[in-house]
Structure formats: structure tokens, C-alpha cells
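Okay, here's the structure, questions in a sec.
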Amino acid sequence: MSDTHPPRPAGSLLVISAHAGDFVWRAGGAIALAAQRGDRVTVVCLSYGERGESARAWRDGQGLAEIKALRRAEAEAAAAALGADTVFLDAGDYPLPEGPELTDRLVRVFRDVVPTVVLTHTLTDPYNADHPAAARMTLEARILAQAIGYDAPGDPLGAPPVFLFEPHQPEMSQFKPEVLLDITEVFDRKRAAMECLPAQQHMWDYYTDLARRRGSQLRRNAGPNLGLPSDTRGEAFMRVYPQVTTQLD
Amino acid sequence: MSDTHPPRPAGSLLVISAHAGDFVWRAGGAIALAAQRGDRVTVVCLSYGERGESARAWRDGQGLAEIKALRRAEAEAAAAALGADTVFLDAGDYPLPEGPELTDRLVRVFRDVVPTVVLTHTLTDPYNADHPAAARMTLEARILAQAIGYDAPGDPLGAPPVFLFEPHQPEMSQFKPEVLLDITEVFDRKRAAMECLPAQQHMWDYYTDLARRRGSQLRRNAGPNLGLPSDTRGEAFMRVYPQVTTQLD
Amino acid sequence: MSDTHPPRPAGSLLVISAHAGDFVWRAGGAIALAAQRGDRVTVVCLSYGERGESARAWRDGQGLAEIKALRRAEAEAAAAALGADTVFLDAGDYPLPEGPELTDRLVRVFRDVVPTVVLTHTLTDPYNADHPAAARMTLEARILAQAIGYDAPGDPLGAPPVFLFEPHQPEMSQFKPEVLLDITEVFDRKRAAMECLPAQQHMWDYYTDLARRRGSQLRRNAGPNLGLPSDTRGEAFMRVYPQVTTQLD
Amino acid sequence: MSDTHPPRPAGSLLVISAHAGDFVWRAGGAIALAAQRGDRVTVVCLSYGERGESARAWRDGQGLAEIKALRRAEAEAAAAALGADTVFLDAGDYPLPEGPELTDRLVRVFRDVVPTVVLTHTLTDPYNADHPAAARMTLEARILAQAIGYDAPGDPLGAPPVFLFEPHQPEMSQFKPEVLLDITEVFDRKRAAMECLPAQQHMWDYYTDLARRRGSQLRRNAGPNLGLPSDTRGEAFMRVYPQVTTQLD
Amino acid sequence: MSDTHPPRPAGSLLVISAHAGDFVWRAGGAIALAAQRGDRVTVVCLSYGERGESARAWRDGQGLAEIKALRRAEAEAAAAALGADTVFLDAGDYPLPEGPELTDRLVRVFRDVVPTVVLTHTLTDPYNADHPAAARMTLEARILAQAIGYDAPGDPLGAPPVFLFEPHQPEMSQFKPEVLLDITEVFDRKRAAMECLPAQQHMWDYYTDLARRRGSQLRRNAGPNLGLPSDTRGEAFMRVYPQVTTQLD
Amino acid sequence: MSDTHPPRPAGSLLVISAHAGDFVWRAGGAIALAAQRGDRVTVVCLSYGERGESARAWRDGQGLAEIKALRRAEAEAAAAALGADTVFLDAGDYPLPEGPELTDRLVRVFRDVVPTVVLTHTLTDPYNADHPAAARMTLEARILAQAIGYDAPGDPLGAPPVFLFEPHQPEMSQFKPEVLLDITEVFDRKRAAMECLPAQQHMWDYYTDLARRRGSQLRRNAGPNLGLPSDTRGEAFMRVYPQVTTQLD
């Protein structure tokens, strides 16, 4: 584990989230770390999660437009707390309308944002059909955006690495932690972002505990002589493509 | 991909090879890179490959002792070309005698060398039974060496990351390139080390070609803006444990 | 294996079948057991199997409308023999039109039937593309029906367990028997239901033999002291979600 | 989920644990539930965990005999708190000596205890080599004990179901929760048993949290109308053999 | 390996290629062998690869119609060099429009060509989304074409075997060589066909090298006493359905 | 499927069976076909199955020596009915003593028999630990026998293909039919061989039915125009290494 890095050109992190809140729980640390480093971070919310992830608001009798506005405001606040910009595609959820139209909108985002790193959902989630749909469209859009012949504004994309963030029930979703990211120094920001989502207060502690557990595993896998502190916090990810490196560590 | 790294304490790379030549073809680049960085590199050859990987010498009518001496000399020369030390356990090959005795000898090496990174074979290889046996013993010895109660000299080990190097027929051995290491700047040393093994001259070009192919994939997966040269050379590895990092790239 | 169960509120079994006959061969025993226990059983036939599973009728020169009527009558008779109600969605087969429209019709069935247990096809079947399509839509509809925000009549659904029934070629379809259901006491009804499908007479004996084989395996896995009779008949299923229980057995 | 069960002949639960403490963290709830039901419960500790899982005692300068006695006393106290008997095979750990001798000792336990249910470790655990070794020997001993020709006292065994308990890092060990056991009513006993292991105090809270998480998943998978309380506690298991049942639920 | 075959009725090989050039690199040897044997060979190009696989032409400033014409001419020349007929469906690429319309067009090709053997892409390719889409539609169309009730001209199809050809990055695409085809005697024709695609000159040597590597593996797996020459060339394939044979070899 | 083959040098089929009867049920057809073709067939029984597969004899009160003699006589009669020679290694069963000694005995058989084709058990069988042990030793012995430096009489072996025969519970043993062998013309001999094992009479019909089921699947996968008769009988196998061929069919 190399704990510092030399100056480098600013990166561009693109996070693609099926619903308005997903990026906070699953990648808030990665986002805050990138933003703190000076990278541009763009969070794309394919939907507001208005139908599938706003149970309390529906029970409170709110209408569809109100719920969307509410979720948007929460997501904007959370993104601001993390240092990220937001793009809302308002494509609808439950189900997310998977297909070439929405994929094309993602291609245009890729061409515009020119990401150096991409984050999205896992390809399996037996408790949520929108998450894998978002992941499939993200992977396809990334490939399409690389083709010079694809008819969208901007230059053909390079091939940025893709990381999949941890789903709510990892063991049921074929999720294996392949990368443990040390988010200790930005965990306070992640907690602040979580607190921008008051309807899901039970999640605040759940994801604080998860950060602690992933942090413990991070220490356990960090190898000798690292001296990581006992309150290390982590987030786990999978990779879609091979890691490219100049050093094995 | 972060292409430079800050000063860091010297590492200790431990490479465990079933037969005397394996480390050259499969990890010569990783070894040379580490040595060039100033890390200590120790190559453990569990056997000389005297029975299973010395066909030409047997056909030439040489005896067992001669063959072992020959293979040892070649491996020493190749290790020297790469900048590594060698340890020969002379445990015999075809079959490698898998069991607690040989594993205990490995534990003692772990305690002595205190590796910060470990390389060994894959756990599957339908064309060679010694390779997976070496990998199983390496993984077990690494765990045993971490236990304070294990009765061997030295301090309990930390938990160094383990990388598995590419087998000769990757698709048949459940090998998926998870890490692509850029060995361009040390490829000449790897070639020189390969040339220390004159009986396997057909392998020189095979592994030069492989380095080129893995180099092409490395460029293809390296993301935008990296400008890697077209003669990039690579080696591929799998990970046993999660990567620990402070930055997704 | 607990061989009796206490009084309980009546359940609601929902069986989703791609074609009109599938439920008979694959789940007739489970259906008859549930009906005998007093549960409501609803069989949804997404199509009549009019194009893909009515070869004899086509060879006999019948027209599309005739074939659909014939398959419907057979399925109704078989369901009656098992004690189940039927719902025919007449969506067409070969191919089954997978997509949000048909999935929405299934959501409405879920909201109406309020199943306590769901049965459907496996997610893999290299000999039939409609079966996995039916399974995918069933799994998605079950999730959508749970969302209070989904715009369909009825209350949000709980999360009923889902079982996948055995495909015709289990080894080619990644089917592993995870649950062996003892259908001995209702096997006569299953046989009677099979005999409602005269065009597939060769299947009667095939599925009678399969029930015997699965019955033998059931006895072999039933543990000590159970004294199951030698003519035990069984049906095999996979689970999509974890079993929830108060007792390991 | 059938939440009560009729009177049945007393069962015999056999738990095979590589080290003295494993059964407490991983299966304490299952043990207490069985004992409370009136089943006989036998915990076999293949070793005391004296070398690999007693780091604090070694650091405190204790000797091997002392450590074994300490671990034995703790395990006996924990088993008593759960209502289980203990058998200590004292085979040594790190490494557990896998082979026909120790397997034969297990066969004799199987023939003596005549289990109706068996619990042991998972077959994969990259952080501990003794756990999979214990699982392999358990599975082999169970098969051998069924053979009338195997030369050991007692009658040939029936074929009891086998459950694998949750390893410390489930996602890294190919562990998927296939059975979620409701341990709410005996959780206090599990906590009391955990507190019999004072050297691992950090584990008390870890496994209390895990019970809560598995309990939440249990509620989420329990289907409609069950009304499980919000403080439901659970333990997760995998199955080796198919479930045998008379009812899908 | 049976190296000769008796006279047999002429076969019909159907190759379904997502883009105009794919069949040359991946199946040129299989095509030339079949044609040389007197089989009819039909290559279906679902698209010209005009957007995704014509980077040089786009960089040269050509227009869409020009590029399609160019790719078509190249594919026709390559097919002629191999002895195959071509069918161009011009469905568009990046993305290939997967769905019932294009699948129906494939069904009609199946009914017309009456293949005895089918070749297509793998079901996984993380670097190209059109390849798996082509494979999925091919597999579905083959099933539909077998149904007498499917409304398309021609007789219901038999069940021809399906082979999946090697993707560009086999280890990343779950590709395992299950069949190694000896293409030595037609390799010159494959090379000639490759040279009909001047824009991808770097691929000529890549696929010549691959043929050599697969040839070496073919020799290594060919069993004793075969005396295959050292310049053996091969192509690798996977099977979707079991091999049917009268002899194990 | 090529239904005839030209004259070829006589082959040598080596079948390695954990217990005396295994080869009859699982590979009787393959053996009879090879023998009828003029190939030499050698069946190696690692044990007589005296402890684990002779329940009836033990219940009848026979002693160990009697049982071994009985099983040997039965196996010899069955092998004779199929046209095969037998080699009995009498290594003991339940458990089969896996290790370098027994593997070495197998290497010597390989060097003596010089097989052109090898058959053995699958690598997974949760109901029998001897079967996978036999398979592992067979695969290792085959590799060792290829090494010129391995100290055993005879010449180094070529690399014969290996087929794994169908276990008793294929779906539980990760068995997927990869090769379906048409044994119709020798099925009478297989039945006659089965009838040489009177203690397992219930198996006669079981494996006759299985031959019919595998025969039906063989017809279903045989492709168009083959006109296989409705009483086709089959045996299923998996491959360990790629098929080598000059023709895709």
C-alpha cells in the first residue's frame, strides 16, 4: 500500500447511480477522497428513486412531483457535502427503463465528463433490479463512447477503469471485496453526506458500521509495518478490468 | 495508474517457485522491477525441476546429480541477472512432496525474509501438479508464519499481499489477468535472465511475445491520457487478497 | 425433516409458467400439496405455448386459434385436477415478449394474489429461451410489487420466497437440487394432471420416473430414522433467497 | 417460515470445530436452540487453538500446556452456557494434522453420537487453513461412518444433513447465506457463552452486531405477514446437501 | 483425434458475425476447412462494423455510406478467399439493435440455410457489447427456427451444434478452449483472407501468432503417436451443447 | 457427428475405477465400444470396494477376505463381458489411501499400458470421497508418466485425452454432459456386464433407464438429418482437456 502519491494532473471521477441516494452510502468516501485531491467529481443520478426508494414519503401521502423534488434536493445537498457535481437524468425508476435511449444519454455524459475513473453498481443484486440495469448501461455506454464513429458530441473516450461499489447484501450479490479503499481521512464528510438523507436515518449507523468493518479488513490485508490506526474506515469495490500498475503492492 | 511512487522503506519480495526455472518466465519482470527499486528479492526454488522440467538433459543421458547442479547454476545466473537472491530447498519434483514438513521449511523462510510482497504459482494447472502444490503450501505457510504460537525462529509475520503469476496455459488454469504490471523498463533484464536457460530456447521468444501481448492489454486498460509507448511490455498476475489503497485508479 | 406442521393461516401459492403445460410437469406435486393443505393456488400461464410447444397440433394442420383453445382447455383441466386456479395472459410465445408491459401485468397479479410462496422457471435453459425470460420477469415483478410507489392497484407486497422448478435438462441448465419436496401423498393427482395433456403422452412416464428418482434422493438425504417408504416420490427445486427457519433440519 | 414445530423425537446435534472457540462465535445460537428444544448437543474441538488462536496468551508469556488448559476451560464454560457437551481431540493446530488418523477419530465420534444434524466450517477460508481442513475431514468422516464395512464400533450412520457456519470474512470465503436461523429467543445465551472467552472481548460486539445484521436479513426474507420483531437476531449457514421437506416455505 | 473422415453428405456451415470483419480473424480456418470439404458456408454479417470497428476510416474523414461500402467490399473479398457466401443484414452497430426484429431476420436465415453447424461469438466480452448481443440472438434464433409453429418460411430446423469462437481477450471473456481445430492445411487461405482487411494490418500478425500458439496447444493435447508437424496451426472454440459421438478420442 | 471412422491403429483405453464395480455402471458402454473396435482395454480397480460398496455382503456376515474375493470375481466377469482386461491394486477403500505411493503404482500402469484414452471419476462427489481421490491420483499419475525423468520403467507417455464418467448424482457433483457417446450397438453387452453384479440388482434398471435418457438427449443434440433410432442409448462424459479435431461437428 502506497500511502501517498506524487502530484498528477487532476482526474475526473464519474459516478453513475441508479437512484438519488445510492452514491452516498456506497461511494461517499471515494467521492470525498477524489474531491479533496482536486479531481472533478460528477454524480449522475439516473432516477430520483421516486417510486422504489421513497417509501416513507409515499406513506406520508406526498405526490410524485413532490417526492422527486425532495429526493433531488437531498442528493444535491449530499453531493455538495462530498464535493461533487450532480446530473439528474430523471429517467424513472422501478423499473429503470433500460435501453438504447438511456444508454445514449449516458454516452453523452461520458463524452462530456471525460472520466479518468468510473464507479457504478454491481451486475448482480437479487433485491433490486434497477442496480444491475444501471451497471449494464454504464458498461455499454463506456464502450460506445470510445468509438469514434458513435454519433455524439465530443472526442472518443480513452478506457477509464471501472469500479463496482458494494451492494446492500454483498454475499447475495456475488460481491467480493477486491479493492479496499482507505477513507479514514474523509469519513466525516461521508457521515455528513449521509445525514443529508433524513428519511433513511437507520442507514447512517449501518454504513458507519460497515465502514468500520471494511476498515478492519483493510488493516488486516494491509501487510506488515503499515501501522494503520485502529479507527481506519474503508469502502470496498470490485474491478471490471485489470489493474494497471508499475509496482506490485 | 500512478506512474511514480515516493521514497518508501525498502521492501522484501519473496518469490516461491516450484522448479528452478519457473520464476524467470513468469515473474522475471516483477523481480527486476523490485530489485531496481532497491527492494530485497528472495527466490525460493522448492526443487530444481530435475525430473519434470529437464527433458533435454535426460535425453542427453545426464544423471540426476548432474542435472540438479546444472539447473541450480542456471537459476543462480538468471536470478543474478534479475538482481535476486536464491534459496534452494531441493525437495524433489514430480511430485513435489506436499506436506507439513516442506510447509514448515517455508514458514521458516517467511519468518527469515519478512516479505512485504509474495509471488507464487496459480492454484489450478491441469498440465502440472507441482505448481498448484507449491501455491497451496505457500498460502498455508504465510498463514502459519503469522501465528505467534507457531514454533519457528523469528517474529510473527504481518500479512503481505500475494500475487499469482501467469501459468503457461492461462485459459485452462482459471487465470484471469487482474493486475497488469508494466515491465517495459526492465524487460532487457528479463530477456537476459531467460537467456541464462539455454535448454529452453523456444521459451525465450514465447515469453517475449507474451510480454508484448500483455503490454498491449496494459495500454488498452490504462485509461485516458497515459501515453504509454507502443512497445510497452507487461506481466499479468492474480491477487489472492484484496488490494489496499488510498486511491482508486 | 419435520414431517408435520401445525395449523397455520392459509397460504397463497403463485406459479408462473411460460407455457400452458409447464407447471404440470415441473410443479404439479408442489401445487397439489399446497391445495390439499388449503392454500390458494394460482397458476399464471404467460402464453399457451401455441407456437413452441404444440408441435403435434401444428403437424395435424390446426390453426393458431384452435391450438390456443386446445392448450387452454388442457391447462384448465390439469389445474383443476391439482386444485389450482388459472390466469392466462396470452402474451404469445417463441419468443415470449419480455419487457416492461408484460412485467407490469405480472406486478398486478402479484398485488392481487398476494403470494406467500412463488414458483417459476430457472434462469438458465439452453434449450428454451422463454423459460429464463419468464423467470427474469417474475423476479423483477416481485420486486416492483413490493414498492409502495409502484403505480398498480393493491398494497405493497411482502417478500415471499421464490423457488425455481426443475428444467427438462437439469445438468445443462445449472440446476442443482437444493430442496427435495416429498410429493408421495399427492403423486396420484400429479399423474392425473399429466394425463390431461394427451399430446405429450411420452412425458407422463418421463416425469413419473423423475419423481421416483428425486424420491430416492430425498430418502438418501433425509437423514437417519425417518423410515420413508421405498415408493417415495419427489420434486426438486432451487431457492433464489435464503431459507428462513427456526430450526436446522 | 413455520415458526413452531410439533413434538418430535430428541435430536442429536454434532458440531465440529477446528479450534476451541470457533463454535461459540459461529454456531452458538444454533447450539442453544437445539439444547433448549431438548436435543443432545456435542461439540468436538479438534484442537484447542493453542498456537493459532491464542495470541494474547503467547504475548503474555504463557507456555503451551497452560494455554491449552486455559482454552479448554473457556470452551467448557461456553459450551455449558449453551447447553452442550464437549469432546476435545487435542490434535494440534496451525496446522491441524489432516489425514486418515484424525478422520478415523471423527468417524468414531459420528458412530457414538449418531447425529441427526451436523455443523462445521466452510470449505474455503483464505485467512485460516485449519477451518477448511476441519470441514474436509468432517465430510469424509460422515461418509465413512455410513459404511457398514468401516471398522469402527457402532452401527452404520444414517445420512444427517450438514450445515456450514459463517466464516469471519464471508465474502472472501465463498459464503452465501442459504439458511437464516432465527436465534432471537436464545441470543442471551449466545452472548453469555461469548463472554466466557475474555481474551477475545472485541469479538463480543462484532458477533452481536453480526447477529443483528443477519436478523435484519432474516426479516427481509421472511415473507409477508410474519411480524418478526425489529430486534430479531440470526445466524447464517450454507447447506452441503439438499433440504428435504414436505412443504415449500 | 481421428485425422481423416469418410465421405459424407455435404454440410452447411452458418457463421454469424456481429461486424463485417469478425469472422475472418476468429473463424477463418474453420470456414476454409468446411469449404474445402465441399460444405456450403454462409457468413452473416449483422452489421458492417461501421461505427465501432472502422476507426481509421473515420479518422480519414470518410462518411457513413462510404465506410459501409468499404467494409462490405472487404468482407466479400475475405469471404471469397475462404470459399464462403455472405449475407449482410446492415442492422447497425455500436450498439447492435438486439431485439425480436433482428432475431426474426436470423430465424429466416436459419430456415433458409439449414445449417448443420453454427459458429458465433462468445456470450461474454467486456470489451465489446455487440459480440455477446450477436451470440444471444443467434442462440435464440436457432431455438425459434426449430419450432414448427414459428411463422417463417421453410421447415422447422434440426438442432445443429453451436461453437463459439475465440474473442480478442480470451481470459477476460470466460473463454476456455474446449475444441482445438487443426487448420494447418488451410492456413494460407486464412492469411489471404486477413490480408483483404488492409486497415487492420496489425491484426494479421497477431492472428498468425495466435494460430501458432493454438497449434502448439493442439499438438500438446493431441495424445500419443500423432506426429503432428511443428508448424501446426489451430483455432480454438467453445461448445454450447454436448458433443455427440460414436467414439471417445 | 461422424458416424463411421476409417481404419486406424488399435488404441489402448485405460479405465481407472475406485472400486471394483464402478466401471460397469459408468463406462460399460465406452469399454464395450472400444473393445469391439479392436482397442485394448485395461480396467484398473484401485480397491475392491470391500468396505464401502459391499453392504449386502457385510450384512450377510461375510468376512473381509471373502468379500474381496467376491467383488474381484464379479468385476472380472463383468470386464470379460465387456472385452476388457483387469488390474487389481487392492489399495483398500473407505478411505482410498490417496498419496504418492498409490500414485506411483498408477504411473507404472500408465507406462505399461500406454493409453490413448483415459477414463476415470469426476473430481467432485459429495456422496463418495474415494471417487474424487481416484480422479486426482489419475490426473497426477498421467502427468508424472509423461516426464522422462520420472523413475519408472517404460518410455515417457504422450498426453492422452481424459474423460470423466457420470457420477451417481450428476447435478450434485458439478457434472455437465459434455460428450454424449452413442452406445446403442453395445448396450446388450453393458447390460450383460451389469448382470454380473447380482448384489446391486436395483442398479441394473437404474442404469438402463439412464442409458435411455442420455440416448434421448444424444438424439436431441445430434443435429439435423441423422435419423438416429428412437431406442438410442448413451453414456455421458466430461473432458479435462480440449478436444483436438480436424472437423467441427
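Letters A, B, C, D, E and F mark the chains as written, and numbering starts fresh at 1 in each.
Criterion: a contact is a pair of C-beta atoms (placed from the backbone, for glycine too) under 8 Å apart; a residue touches a chain by one contact, two chains touch by 3 or more.
Predicted model only: the values in this text are computed from it and were never measured.
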item	value
Common touching chains of subunit E and subunit C	A, F
Shared chain contacts [subunit C and subunit F, defined touch]	D, E
Far-end chain from subunit C, centres as C-alpha averages	B
More contacts between chains, A-E or A-D	A-E
Fitting subunit B to subunit F on CA atoms, where both chains share a sequence, rotation angle to nearest 5 degrees	120
Between subunit E and subunit F, centroid-to-centroid distance (C-alpha), Å	35
Rounded Å distance between subunit D and subunit E, as computed from the means of their C-alpha atoms	53
Chain centre separation (subunit A, subunit C; CA means) in Å	38
In subunit C, residues with contacts to at least two other chains	127, 172, 177, 217, 220, 241-242
Touching chain combinations (by label order)	A-B, A-C, A-D, A-E, B-D, B-E, B-F, C-D, C-E, C-F, D-F, E-F
Interface residues, subunit A side, partner subunit B - complex	1-6, 8-9, 11, 13, 30, 33-34, 37, 114, 116-117, 119, 157-161, 163, 177-182, 217-218, 220-226, 236-237, 239, 241-249
Touching residues on subunit A, where the partner in the complex is subunit D	127, 169-172, 175-177, 209, 217, 220
Partner subunit E, residues of subunit C touching it in the complex	50-52, 54-55, 58-59, 64, 67, 94-95, 97, 126-129, 172
Complex contacts: residues of subunit A adjacent to subunit E	100, 103, 139-140, 143-144, 147-151, 156, 240-242
